[in-house]
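Given below, in the form of structure tokens, are the structures.
Here chain A shows up in two complexes: once beside chain B, once beside chain C.
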Partner chain A sequence: MNRREALFSLGAIAATGAAADGARAREMHGYPADMTVDPEMLPRSVIPGGQMRVLTDDADRRTVTAVFDRLIPADDLGPSASEAGCVDFLDAQLAGRFGEGAALYREKPLQQNADDLMQTAQFIATPRERYAAGLKALDAYAQETDGAAFADLQPNRQDEILKGMEDGTISLGEEIHTKAFFELMLQNAREGYFSDPIYGGNRDMAGWKLIGFPGARYDFRLYADRTGEKLDLEPVSLIPKD
Partner chain B sequence: MAAMKKIVAGIAVIAVVAAAGAGIWAWRTVDTARNAGADDTVALAAFTSTDEAAIARGEYVMRTADCAACHTQGAGEFAGGYEIHTDFGTLVSSNITPDPETGIGAMTERAFFDAVRNGQGSEGLLYPAMPYTAYAKLTDQDMHDLWAYMSTVEPVSNEIDETAGMAFPYNQRLAMLGWNMLYFDKAAFDGDAEGDDRGRYLVDAGGHCSSCHTPRNGLGAEIAENYLQGAKVDGWYAPEITSNPHVGLGESSAEEVAEYLGTGTDGKAMASGPMAEAVAHSLQYLSDDDLLAMSSYLKSVPGSGVTAPAKADLGSPAMTRAALRYEVNCSACHGTRGDGMGDLVPAFDGNHALLSDDPTDLVRVMLTGARAAHTEAKPTGGGMPSFAWKFDDAQIAEVLTYIRNAWSNAGTPVEPATVAAARATLDAREKLAEGY
Partner chain C sequence: MATNKKADVVVVGLGWAGSLMAEELTRAGLNVVAIDRGPWMDTSTHTPPAVDPDELRWGIRKELFSPPKDNTLTFRNRPDQTAAPQRDFGIFELGGGVGGAGFHWAGMAWRFDPYDFEIRSKTIERYGLGKAEDGELQLQDWGITYDELEPYYDRFERIAGISGKAGNIKGEIQPGGNPFEGPRSRDYPTPELKTLRSMEVFNEATARMGYNPFTIPVANLSQPYVNPLGVSMGACTYCGFCLGFGCGNYSKSSPQACIFPVLMRRPNFSVITESCVIKVNKAEDGKTVTGVTYVDKQGREQVQEGDVVCVTAFQVDSTRLMLTSGIGQPYDHRTQEGTVGRNFSFQTISGTDMWIEGEQMNPFIGAGGLGSQIDDFNADNFDHSDLDFIHGAGMLTLARDGAPISKANKLPEGSPRWGAGFKKAYRDHYQTYTTIFNQGSSMPIKAGYLDLDPNYKDKFGVPLLRITYDYSQSDRNMAKYLMDRAVEVAQEMGAQHITPFNFADKPFTTAIIASDHVIGGTPMGADPKTSVVNPWLQSWDCHNLFVVSASVFPMNSGYNPTGTVGALAIRAAQAIVQDYIPNPGPLVEA
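For the complex of A and B:
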């Protein structure tokens, strides 16, 4: 059933109700009978370690992996961003509607003062295009300043460059909104680390275990009155393994 | 193969019996002398009853017999076209409007009686998919009233080829003579249809409950000793509706069963699938007294010997997983204690409709979802979503075994292979890939 049919059937139900005349029995029509889930509404699973669809260039992939693993490095608390599948997550997102900027208004022309008006950076480019340009620019910057690929720099040097991007003291060039590109990568690394494992990141629910998030549960009535208690709820994925 | 042999042997029997059709047995089978009280001169197309009381009573008889369920399908009220899938091929229901060319307008009242009560239609013998085996019990009075009602139905021109979907030899209507000789009990109802035996009358005659709830033999005849003890029908399992306390109605009060029949739910069990249709098209129109008479009778019917099995071990790893799965996916609506949500969502604890040894309905509802009956009394027919995308066969089997054994329940385990077979038959989708 599409949305139009659903609305019509709701209208039919309403009409049936409005016609009530106190009859004891009446057949009700218009209830949607098909209870299978529309494939369009289902999540798209991503299996980590699969073929890259957008980040197909080795250098680009090494660069973003290096950035992600400085934003969320491996430590005693859990795996690094890339170990938790965040690059797989990012690739899947860039291959789909997020990468296309489907939810963004991207009509030209871009006003000179658009960033000020909207109080946040505005782009005609899609996130997919911004990554393609941004990662190349970041690697070119490292080659120029350090004579090596960003991924091959020492972690503390990588941190310096990332901090410079974040506070606006480093520019990756005219074409790149450097600060906004840093923020985009930080946002996507976080999303990958804490979204449901079916989307490729948060592998073995590492992110959820880290912060004690119980996952895709629907109902907490069993626990609602157990305040102040450590519940240690086992996190649950939307598509459970067992 | 055994079933096929049985069918082939049965066909041979029918052939032999039909060949002896001139015999007294056959004559007795086709004899319709009890319909002599019906008029044989005026065709339905030329007659419209003006007896308002008879028309109203006849409409009620039509509701008890649920004629519309099978004879209405898109082309207009009673204009036929509904497909009935049998083990022998697909039958299409006939046009029973008073249209003289494509409906039953050319029939006299006598011909109508012969068709409804004896399975002898205008185009030859009827197939017992039309429950004349049950309608044979309808009283003369109810038949006269039904005739009066049918005369007020709007004629619709809709040509139907009832047997186009039946291959040889099952498309031979005459073969039904042999079937009738073997299995058709055309005797009139043997009790007080308006008095003490009202419940049995409604169940056996118009209600034709046994058409779905009694198992059939290899030739499609109801097995009398398993009367109302549950049967597979068209991809569903019509559960036992006898006094059996484990899988039947033994633990429900007559009032609860009557409420279920008249509204679609008693706040615990809930009608869906073909039973939801029976409730919506037929049972919700019946009077409280009639519903109570039916439920009281059903509760008096001797049950199968099926008893509760030993409870599954809820401490096993599989049941521990299933308990978490239940809590995460099911408990929001079905309750953390399997207590449901009144008229909106069925309860599981103590819901004996859940406990049949045959789990067909539970598996089906998990795979395809289901829509509950919606009636004037309880218009919010709840919806169960499909979980085919979320769980594999073993996960569905485990969670069903869990609800059949949690709380006060005890039921046989559901096997993953049963779910796998149903997933294929129902063309339900596979589980989505896990992301890790």
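For the complex of A and C:
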């Protein structure tokens, strides 16, 4: 058989469901008939005020609540992070794929030069593990310097410690990458405050109302020509109103 | 190990390149089996409007991407360093399912500039040999010209329904388009999108400065459209949930929206999902390949034989597959001999963030690729005689999204990042923020390459790909020059707060996202000493193997790569049908 015959030896059309099917992965022929939404794709609502699944230790929860409420405090512009549900949000995130580092490549070793090379801190530990260690270390730091739990310090003093963590002038110990832990908490507090309320934070869409983001709207064609105008659009979320 | 029924053509990776090729090949009657490591994904089942507008899940957690856990690589700047693995999401935005990155991309749909394809020849022609050979750069032509690729760009734009305004039709400059673009045979299939506020301000300022602003051509469709395959698409609604997202409106072009409805119904096509190809199998003679080995969802190794194999995976995966399969000679940076892994390039990004007080940008009204651009400082559109670099950048402003988690980082210098001051600053500046992004070109260097990492492996035990790369001095100089021009534009736009940025003033890193456009590793070209595939994307070593991916780019331009990948894929597939199958063998004599 020459090369050309070999190319066409199968004929133009393959029979579906060839032999040895049992040994195959998912071979798809034809367009899938079922066009309904895959239940796996639907987001799951976090029930605010429900049972904590990861932040079960009272001291840890008090610490992170205190931190979050300095990162995003209550004022005349809106609720604090915890009032907006950001601790519920964090607990749900830490209980799920994010907390367990499901997306991360976690093979060892963690190289000495990795942080410098990547220009950002590298971890094998999961976010759940980093919170568990970080919150304990932060409270221990407050006990050592101020003789009280972080959550019981005055707001000014809490801010001083957080600023030190942010700047890298305070170390919570060798086991903790203090600056990176601050950034992790700041990122998660913002995520809770500005993500869809379906994830437990941004209660009453307070975060979106603060800046004027209209949420999960899916069609702006009626507004696109009104460039430069203040539109005052009420936000909507993925949670149905009723 | 089980062996499937032999196919005429095996396609490795069903993204844009794989699905465009499969469409051409099956239409010609060939029996095609595609293999994709991801699951089946589609619009109504996976990203309908009730699921899609969710920044946390798609924009921040990146759940449509293939995660680093499954697909990552290692990186170092120089050969004397030990590479470290990319552990979290970084610059590699690989697709998580069928459709590849073409399912979650933003949608900028460019052609490259005529200069790009002949960068070495044209640089020498205009500026002399010293400009092209500075000791660090490794410039080479593509072995194909813009004019040769033009009909295939046109075909890609028709299939994808690209919205834009021509700037040059058959040499005639068209008002409102990009006057610097290569000559086109005809206008885009759908008109450009609306001009949103950030674009208005940018357009007015750049026009006053004597530049030539135009609307970026995009795969976010301005109106309903039926493509040449008979597939219907809807009009973009400016929802702004595009980059990292699916599209619930069937208005962002993707393999799902443009090709699958036809391709999947062809009886001579099938796709094996959730199965990762780990090797292209060489024949005993070493001059052809027999098919591929893959690991299926149950972890079993399987073989799919085929008369032709098309490697159409993402750039890094296509390169890694060539290395793990032992096809071609790996590149040696010390001697510049060998070709596989050669010419890795990225993009050299600079620009400026800005805040214009009193503005009402309404940033949440947007589309993934939408923005305005000037090409006055791109390609060789300006005289480089007295400049210490070649090429340049597309200087653009975006009207993409108002994603509130990520935009919380976009505050004027001196604004508090947390506390009551942060809340006030974010409230005051969310509406006033815009940016100029210089999508800079990237030139290959002799010391930049891809090979297999000696220390780290993936879940199948296959070595990770290792990147050794840093920006060239030419690119660094370009980025600084373009950043300064961007600041001038920002001033003309009336910004009170201007924060310039230049990713190339620090070493390259894979961990901080400057761009997600990585290219090279299996460069195309007319010379087998410096290229892995010939101008038809056919392997110089095994004539029934084609590599169709951004890995074939010998350098990167100041544009997004997808349009060029699409055009090259269609051209390679047509060559397989018209030339290779009637007469299998090398399409070009080495």
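Here is the rule we use: the second predicted complex is superposed on the first by the 212 of 242 C-alpha atoms of A that agree within 3 Å, B and C clash if a C-alpha of one lies under 4 Å from a C-alpha of the other, contacts with A are read in each partner's own complex, and residues count from 1 in each chain.
Methods note: contacts are C-beta pairs under 8 Å (C-beta built on N, C-alpha and C of every residue); 3 or more make two chains touch, one makes a residue touch a chain.
In this text the structure is predicted, and so the values were computed from the model without any measurement.
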Which of chain B and chain C A:Gln119 touches, first, second, both or neither
second
Looking at the overlay, what does A:Gly207 touch: chain B (first), chain C (second), both, or neither?
second
Touch test for A:Asp38: chain B only (first), chain C only (second), both, or neither?
second
With both structures fitted on chain A, tell me whether chain B or chain C touches more of chain A's residues.
C
Contact-wise, after the overlay, does A:Val46 reach chain B, chain C, both or neither (first, second, both, neither)?
first
Output check: A:Asp225 vs chain B and chain C. Expected answer is one of first, second, both, neither. What do you get?
second
For A:Gly173 in the superposed arrangement: first (chain B), second (chain C), both or neither?
neither
Based on the superposed arrangement, let me know which partner A:Glu234 touches: chain B (first), chain C (second), both, or neither?
first
Is A:Pro197 contacted by the first partner chain B, the second partner chain C, both or neither?
first
Touched partner set for A:Arg106, first chain B, second chain C, both or neither:
second
Could you give the residue numbers on chain A that contact chain B in one complex and chain C in the other?
20, 23-28, 31-32, 34-37, 42-43, 196, 198-199, 216-219, 221, 238
Can you name the residues of chain B that touch chain A in the complex?
280-281, 284-285, 321, 324-325, 327-329, 331-332, 336, 368-371, 374-377, 379, 381, 383-386, 388-391, 395, 428-429, 431-436
The answer for chain A against chain B in the complex is residues 17, 20, 23-28, 31-37, 39, 42-43, 45-48, 85, 196-200, 202-205, 216-219, 221-222, 234, 236-242
Okay, in this complex, where on chain C does chain A touch?
2-8, 29-31, 33, 40, 42, 44-57, 60-62, 67-69, 72, 75-77, 81-89, 194-197, 200, 235, 237-241, 248-249, 260-261, 264-265, 267-275, 294, 296-298, 300, 302, 307-308, 359-360, 362, 364-365, 402, 404-405, 408, 417-420, 422-424, 426-427, 430-431, 456-457, 506-507, 509-512, 581-585
Residues of chain A touching chain C in their complex?
3-4, 6-8, 10-14, 16, 18-20, 23-32, 34-38, 41-43, 70-73, 75, 77-78, 97-98, 102-107, 111, 113-114, 117-120, 122-124, 159, 162, 166, 186, 189-191, 194-196, 198-199, 207-208, 210-221, 223-231, 238
